[in-house]
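Structure incoming, see below.
As written, the chains take the letters A, B and C, and residue 1 is the first residue of each chain.
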Amino acid sequence: MTDVGFVIAGYGVILGGIGLYALLLARRLRAARDAVGAPTDADPPANDAPA
Amino acid sequence: MTQLRRSLTVAMAIARKDAISELRGRQAAGSTLFFAALVLLLFGFALGPDAERLAQAAPGLLWLAIVFGGLITVARLHQLEAEDGALEQLALYPVDRRAIYAGKALAGAAAMLVLGGLLVPAAGILYGIPIGAAWVPLLTAVVLGAIGFAAVGTAYAGLTVRMRAREVLLPLLLLPIVAPLLLAAVKASSAVLAGDPLGEAGSWLQLLAAFDVIMLVVGAGTYGFLLEE
Amino acid sequence: MKTRILGWAALVAVVAAAVNGLFVVPADLNQGDAQRIMYVHVASAWLAYASFGVTALAGIGYLVRRDLRLDAIALAGAEVGVMFTAFTIWGGMMWGKPVWGVFWQWEDPRLTTTALLLALYIGYLLLRRLTDDPHRRAARAAVVGLIAAVDIPIVHFSVLWWRGLHQGPTIGDPSKLLHPSAPLLFVLALLAMVGAFTLTWAYLLIRRYQLARLEWQREEEARLSRIVAARRAAPPPLVGNVEEPAR
């Protein structure tokens, strides 16, 4: 592998990794924001019967 | 001043208690020694039979065996109490946490000193290294290494003792920390065994001593937070 | 909102610094194009160690104040840190192969110390994952973070002395960039990359911290729900009054 190959591998993995991590964080943040306040499994079932 | 005396009394009492249980439960301590000796033997199979290569590698192999034995030792010194629920009781005593830490670390260092002291001649025989006059600085290295390992090991053993996967977590946490201890101890040992041509042994022993002091201070300072849980 | 601006600024800075390092700055006379990797390698190293400092300090802060927000900062530092540490090692290897001829050199203090740093980080994160109670987790993590942080300089010095006994690598010393005699263009390129990475680091830290707090909030909600559900299923007996229970 030529020197240029190593440079590309170096920059590619590092910058790509940062980008991937940033995207991953964004996705997890969105999911977490939606999840907070939503009912959990332990909550009792909502009362669906008409009044 | 009485506070200090009280702390010292507690530390010695804990160290003595651990030492007695080590001697009484002779199988455990003896098994650890046997395991470490086995490690030395196995290294011989892995790197031998060339005597010269083994002799060159000897200090490193010796210290690896001490480290592996040490892992088991520090874990065991906490395990006995954890199983009986005595650790919680210990935490309830209105005594300086550092005294408890000091006692346990002292017991750990003593156990490792015995371990190391017995492994040195074993390695000398197995790897064909004449120890001769070098035994004094060699023993110094063992003492310093034992103290340093016990200093961090006691803290981490206390941390992991009630955790699941503690058998793998303790080595995983402890081994990277003791890497400089291992490095310095091996360099010091190989230097004195070769007659210390470069006069470097002293520097390595000083590094060991610095490691010991730093880890004792940090260990004593943080042990209380681990008991409090 | 400010974080988003920071994020975009970081992106622009990184792109600019990368373009600079890859195309604008001339190649090194001795090391050739491989030297360009140094910019991302050193920048990553800087942030890897800075992250560790954050984790250790936030951990101490937690032990003093018992505020779980500090623990969240520590976690963010550790996760971001382990990433930059891995990048540092990767960069070091990608630089080492063309320049040294090998991927790994035991005598390079930065490489070996960083490898140990990676091991310490991984242990830290694993420890956190194996503890469920938030406060216990924070306390244990803080102790480990502190001991590890104290250990790092010891490791660095011991490896430095280790090397001193052998002939160090004369060609291709990675710290050449930090020499006072290094060409100005190279130094500026390095500083630009470090600055860009620092902005990125700050952005990632903030986001990871926000995520940690949200996830903890979620943990708490689930925990409270479980307690409430348990109470409903087996209501505590009423004392004295022979009233019918609510359900």
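One rule holds for everything that comes next: a contact is a pair of C-beta atoms (placed from the backbone, for glycine too) under 8 Å apart; a residue touches a chain by one contact, two chains touch by 3 or more.
Computed from a predicted model, the values in this text were never measured in an experiment.
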| item | value |
| --- | --- |
| Most widely separated chain from subunit A, with each centre as the mean of CA atoms | B |
| Closest chain to the centre of mass proxy, which here is the mean CA position | C |
| Length of the line joining the C-alpha centres of subunit B and subunit C, rounded to whole Å | 30 |
| Whole-Å separation of chain centres (CA-atom averages), subunit A against subunit C | 18 |
| Cα-centroid distance, subunit A relative to subunit B, in whole angstrom | 43 |
| Contact footprint of subunit B on subunit C as seen in their complex | 63, 116, 119-120, 122-123, 126-127, 130-131, 133, 136, 139-140, 142-144, 146-148, 150-151, 154-155, 157-159, 161-162, 165 |
| In the complex, subunit C residues that touch subunit A | 7, 14, 18, 21-22, 32-34, 36-37, 40-41, 44, 80, 83, 86-87, 90-91, 94-95, 97-98, 200, 203-204, 207-208, 210-211, 214-215, 217-218, 221-222, 225-226, 228-229, 232 |
| Residue ranges of subunit B in contact with subunit C within the complex | 152, 155-156, 159, 163-165, 169, 172-173, 175-177, 179-180, 183-184, 187, 198, 200, 203-204, 207, 210-211, 214-215, 218-219, 222, 225-226, 228-229 |
| Complex contacts: residues of subunit A adjacent to subunit C | 1, 3-4, 6-7, 9-11, 13-15, 17-18, 21-22, 25-26, 28-29, 32-33, 35-37, 40-44 |
